[in-house]
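Pasting a structure here, questions to come.
In order of appearance the chains are A, B, C and D, and numbering begins at 1 in each one.
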Amino acid sequence: MGVEVSIGRGKVARVAYGFDDVALVPAAQMVDPDDVDVKLQIGELVLEIPILASAMDAVVDVRLAVLMSRLGGLAVLNLEGLQTRYEAPEEAIERIVRAPAEEVVGVLQEVYREPIKEELVYKRVKEVKELGGRLGVASTPANAERLLLIAMEAGADVAVIQSTVTTVRYVSSRREPLNWKSIREAIRAPLLVGNCVTYEAAVELMEAGADGILVGVGPGAACTTRQVIGVGVPQITAIADVASAREDFLKRSNRYVVVIADGGMRTGGDIAKAIAAGADGVMIGSPIACAEEAPGKGYHWGMAAPHPGLPRGTRVKVPYRAPLETILFGPARREDGTQNLVGALKLSMATCGARNIKEMQNVQMVVAPAIQSEGKLLQMRGSK
Amino acid sequence: MGVEVSIGRGKVARVAYGFDDVALVPAAQMVDPDDVDVKLQIGELVLEIPILASAMDAVVDVRLAVLMSRLGGLAVLNLEGLQTRYEAPEEAIERIVRAPAEEVVGVLQEVYREPIKEELVYKRVKEVKELGGRLGVASTPANAERLLLIAMEAGADVAVIQSTVTTVRYVSSRREPLNWKSIREAIRAPLLVGNCVTYEAAVELMEAGADGILVGVGPGAACTTRQVIGVGVPQITAIADVASAREDFLKRSNRYVVVIADGGMRTGGDIAKAIAAGADGVMIGSPIACAEEAPGKGYHWGMAAPHPGLPRGTRVKVPYRAPLETILFGPARREDGTQNLVGALKLSMATCGARNIKEMQNVQMVVAPAIQSEGKLLQMRGSK
Amino acid sequence: MGVEVSIGRGKVARVAYGFDDVALVPAAQMVDPDDVDVKLQIGELVLEIPILASAMDAVVDVRLAVLMSRLGGLAVLNLEGLQTRYEAPEEAIERIVRAPAEEVVGVLQEVYREPIKEELVYKRVKEVKELGGRLGVASTPANAERLLLIAMEAGADVAVIQSTVTTVRYVSSRREPLNWKSIREAIRAPLLVGNCVTYEAAVELMEAGADGILVGVGPGAACTTRQVIGVGVPQITAIADVASAREDFLKRSNRYVVVIADGGMRTGGDIAKAIAAGADGVMIGSPIACAEEAPGKGYHWGMAAPHPGLPRGTRVKVPYRAPLETILFGPARREDGTQNLVGALKLSMATCGARNIKEMQNVQMVVAPAIQSEGKLLQMRGSK
Amino acid sequence: MGVEVSIGRGKVARVAYGFDDVALVPAAQMVDPDDVDVKLQIGELVLEIPILASAMDAVVDVRLAVLMSRLGGLAVLNLEGLQTRYEAPEEAIERIVRAPAEEVVGVLQEVYREPIKEELVYKRVKEVKELGGRLGVASTPANAERLLLIAMEAGADVAVIQSTVTTVRYVSSRREPLNWKSIREAIRAPLLVGNCVTYEAAVELMEAGADGILVGVGPGAACTTRQVIGVGVPQITAIADVASAREDFLKRSNRYVVVIADGGMRTGGDIAKAIAAGADGVMIGSPIACAEEAPGKGYHWGMAAPHPGLPRGTRVKVPYRAPLETILFGPARREDGTQNLVGALKLSMATCGARNIKEMQNVQMVVAPAIQSEGKLLQMRGSK
């Protein structure tokens, strides 16, 4: 259950690890990268690549979703974002993109004040389906019963119930919690639930019928949850814990629930580490916000950024723009690991001797802080 | 009693942890943030929010104190600061604020050379009371018997005896130490004492009659004690140790002494961590110095900064200014966690499954250095 | 086998160390630096200094190789680099050097698209030999049978089979793996193989007939392998593990296989640490790219940088230029440890009481992060 | 003997700690700072303050030495520096100070090529004595028999044999090692020897007759030994180890050998930590190079900086200038701990409940990395 250290009298805490704290160890038997299989199966759905595009407004719209499914992945549309609030979301995005830095939090809050329209929920899903795309749709628990069922009716392929932290048990003196049993029965498609970072919460979500668990509280580049409320578990530890829940649940129930690492990954190396920690796939936002086809027009913002009372994220400019296909399959024109993510994952797996995702989940890691070597690198680059 | 490591032959040291070294773990059962109770009781006094404003001249004056108590907290007035040295302290503050950076230590030393006036001690307290405010008043041990009693007579609600480090036992060949028994008897109001960072010193202060212990030596943003004299214990460990003293003392004496984390907190997340470490409430300076109503006019300086022989702190410019109500209750216009501190604390507690401060003191933490993820974040923001 | 820590439920990882994490401890008996012997023997070949110049296009060409062997070391020519692709490689280098920063990855990819010419392989080796130089020649496993044999015929002194990660076992459904037995028999000269960072892989390479193992995956200043694919083991741990394989193999087979640390070393101190960790010698790129005689004209780039699909490295400007002799033997005109590498190594060994490389492999080290003290140093230097 | 960790197969290393890794813990009984006694006794010599000025050319000349002894400390003159090479050393210093940054290593090497004159050795000591000052004199082991005896004859009060690393045992095929027995007998004054960082080497130096051991290899702000040759042990661990040797030696021999921490201290806090780790006193360079009376004219350079083959240090500009008395006794005009070093030490000791140096050697420490809290501080200051 991990190394516990005393952090004060009567207080213990586990030491937790993130992507930058670890590295993968090459195996004594390499595999040909061209033989590596990176398929991800969620329920009956099989994806050629284990990559989902995050339910964020700078990342996924109709066009991006169609392209993403053509390339073998799955995009998830945020049913509570701009696409379902505005008939013409481009204008709202334009306002966000053009806001001066010091006003952007206020502009975000204002733009997201527009109510969600149920007819737009239906319409967006239909648009993707008519263009031959596959689509995931995401709602918070509070709106899940209302919005997800409309989207399912319109043909959505995967349902996602997602919030900063999602648990089966929710105690309130004034609000009715989500009825997990009824929603599970109402949704015939695969259901992903999150986010979650602990073994116990993951087991309960699996028992409530989730087909997949999204892992990650506060790790994303456009998210400041950890700073604002102090909550978060670094991803390597969180993924390993939830993956351990998956294995235990599999033994008990004979049902395999996929673990999707969500947030905090920028490079192919980060994706490889997520899988080595136990994930079956990843959900990424920032790397895809760099796609020329992404709706964010060169910017990215977290979905907690427009929160009316407690914004936890901001607008950031993406470091470059390139076609989505280049980002996923190369050929890379950048050497920093942000392009050809699938090629990098395959080479990483090959080097670690893993022929498929399942084998990759068991490769060796070392604890090896990245700061110093990167510091050296940056130092030399400074003189470029 | 903590992890001890050998740091050299015959030398052991405990490993100590600060706010940035830990993170909170979400629970498997969430609570509705609107059901979360954050009240703090000190003796008979009940505060709606567990936040005290530090006894610092850039933070608390009459006006701020009245506003702070209207908002449910408690401001503490420094009885040895500018408010009791000058009839019109604004001018003295103006001098500090206008001093060029390279001369500011000298200006601070000069401005604080003006003697304390007992009639101003009485007057300031009266002013707050007449405006309907609640007030804490703070003195060093050396002046406690003289100044605190005047302030109590004027109606102060809470007495604070505070210095960089305060202990019951004090050995001197030339000065008479504070008579704890007599001062305790003379003060009928709740008495907070500090600062303190160890179990042993805290127990002695409790036995001497303190109703609350201020925890923190050298952690504040406007303080350089650790650098100048090498002394200090990171806050998470210090709070946990003193909280452990509180529990042991409660068992022996049946008296509950509150633990107030003092210093080093910038965000709602830091406050949440302080409570998770065992604090009942917090005392904050820098975040409140950002209030438009704060006396510091956009600057902040530590109370050891004007020390004639050994200044330990300096004047800093606050990063932004906003109404105190926004800082405490939002809606936040910044995404860095420095606004809506109470909203953030409630959400943090809700996420950790804690319905009140007492439950929050027992939530799970992980050791998870913040440097790297913040580094990533900053990197993306750099391109904003 | 190292300290294993739990990084999550059911996941353990060893803690690994790099050059900046450790320091050498002076001995109670010092040696006169002038008595220190730093010779390196690879098979029958004896080098006066334990330093190889990396098989990189900014580091080694004919001229540098001749000079390097005159100075007692050994340069390794990359048989798949520009020297064997272009009759006049200076022009290709000129294009790389002149490319604007934002286009350099594309230019590298284009310049390296030119095919390798077998006649140039032969010619380059001959040129070095005719000028009286010693030469190592390097090929990837895929081209080893073709290119190395030509170079051997032309008189190369040492053969190197090298790729990011090299293992004896290679599983592919479509490519024939390297026949280690036949290549080993075909090459009469000493054979170095790498790169490799684990005990197990090293043992298998030794059993396949390697005379030396190159240790290092992703540590170099011009390499981003760790970032791009997440793979890498910090050098101190990797070297110690492979050195341990060397000792075990020696006992079983009575054959001494040299361990060459490859990459990540900038200073004499780094070289000394590599040997203290167990290396018999080092292969360095960046420090030699600074030589006035190096082909890179003041720039340096990694050999994975021009990769058509997944570039892992970039072009960097070297921090200064000086004669190779100054870099190796001083007198240093820089105080940062990048000049007089051999003098520094001898002084380091003398201070640690080691009279030769073998004794240096057993000196004491401490774990002592370099960040803080260097931070202080830089701070003072900032005011220079 | 310290925590040993595995850093690779078959390799263990102790974890070592520096000043920035630890902090002092306040005691439950405070002492009046005015009652604190900081005297240091070396042999028969009693110093009012436990501070020696380093044998460096930017730190000590005749004038500074006289002032230092008037203020209760002891300055050590470098008998192999500019004061004994030049009749008018000011001109040589002027050349160093005026050299452009990129040429300074070369200028240093050239200026120090001038031979040492024995008559100047005698003269400098005489000058200090005639002005009523106390003086330490330092030589390397190679020149000790020649130079120290002249200086002793001229009336020097303390002899210092010092080099980067000094051991009793020295193996050379070409040089005669120092005859410790004869030199010890020839010098009637207290003899300090260093530098040294290990228990074993310290014991041998004590047995050879040293009255004090200088502890520190490579920690100083003007020194790059660790970077250049990889050798060094962080000061807290080194001091504790040598202090442990002192205690063991005391039990066996009934002779108390003082331990002097040498290098790496910038603030009063650092000095306090050195003593808490076990030192009896400190030798400091950079802080005193800031004195208006220091010979370095606002610059500072390490004594290994002019090394002809392998310079290990450089010229740095000091961050400010103030009278030596202010640096030692305040009142401080800076809040960063670099002024009023003695006042800071006394307050630190008082806070830790220590009435004298001996008690200070036993106060409690915590391991508490300074980076993060200082980072926060700097962040707020950035907006100054």
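A few notes on this one:
In the analysis below, a residue touches a chain if its C-beta (ideal position, glycine included) is under 8 Å from a C-beta of that chain, and two chains touch if they have at least 3 such contacts.
Computed from a predicted structure; not experimentally measured.
Counting hops only between chains that touch, subunit B reaches subunit D in a minimum of 1. Farthest from subunit C, judged by the mean position of CA atoms in each chain, is B. Shared numbers divided by all numbers used gives the overlap of an interface; between subunit A and subunit B this overlap falls below half, so the copies present different residues. One rotation lays the C-alpha atoms of subunit A on subunit C, and its angle is 90 degrees to the nearest 5.
Put simply, the C-alpha centre of subunit A and that of subunit B have 39 angstrom between them.
Between the CA-based centres of subunit B and subunit C the separation comes to 54 Å, rounded to the whole angstrom. Residue positions of subunit C touching 2 or more other chains: 15-16, 21, 237, 370-371. Contacting chain pairs (ordered by label): A-B, A-C, B-D, C-D. Subunit C makes touch with subunit A in their complex at residues 5-11, 13-16, 18, 20-21, 101, 105-106, 109, 164-165, 167-175, 196-198, 200-201, 204, 217, 219, 221-222, 224, 226-234, 237, 264, 266, 286, 300, 305, 308-319, 370-371. Across the complex, subunit B is touched by residues 1-3, 15, 17, 21-32, 34-35, 199, 236-241, 243-245, 247, 267-273, 276-278, 330-337, 340, 343-345, 347-348, 351-352, 355, 364-368, 370-374, 376-377, 380-381, 383-384 of subunit D.
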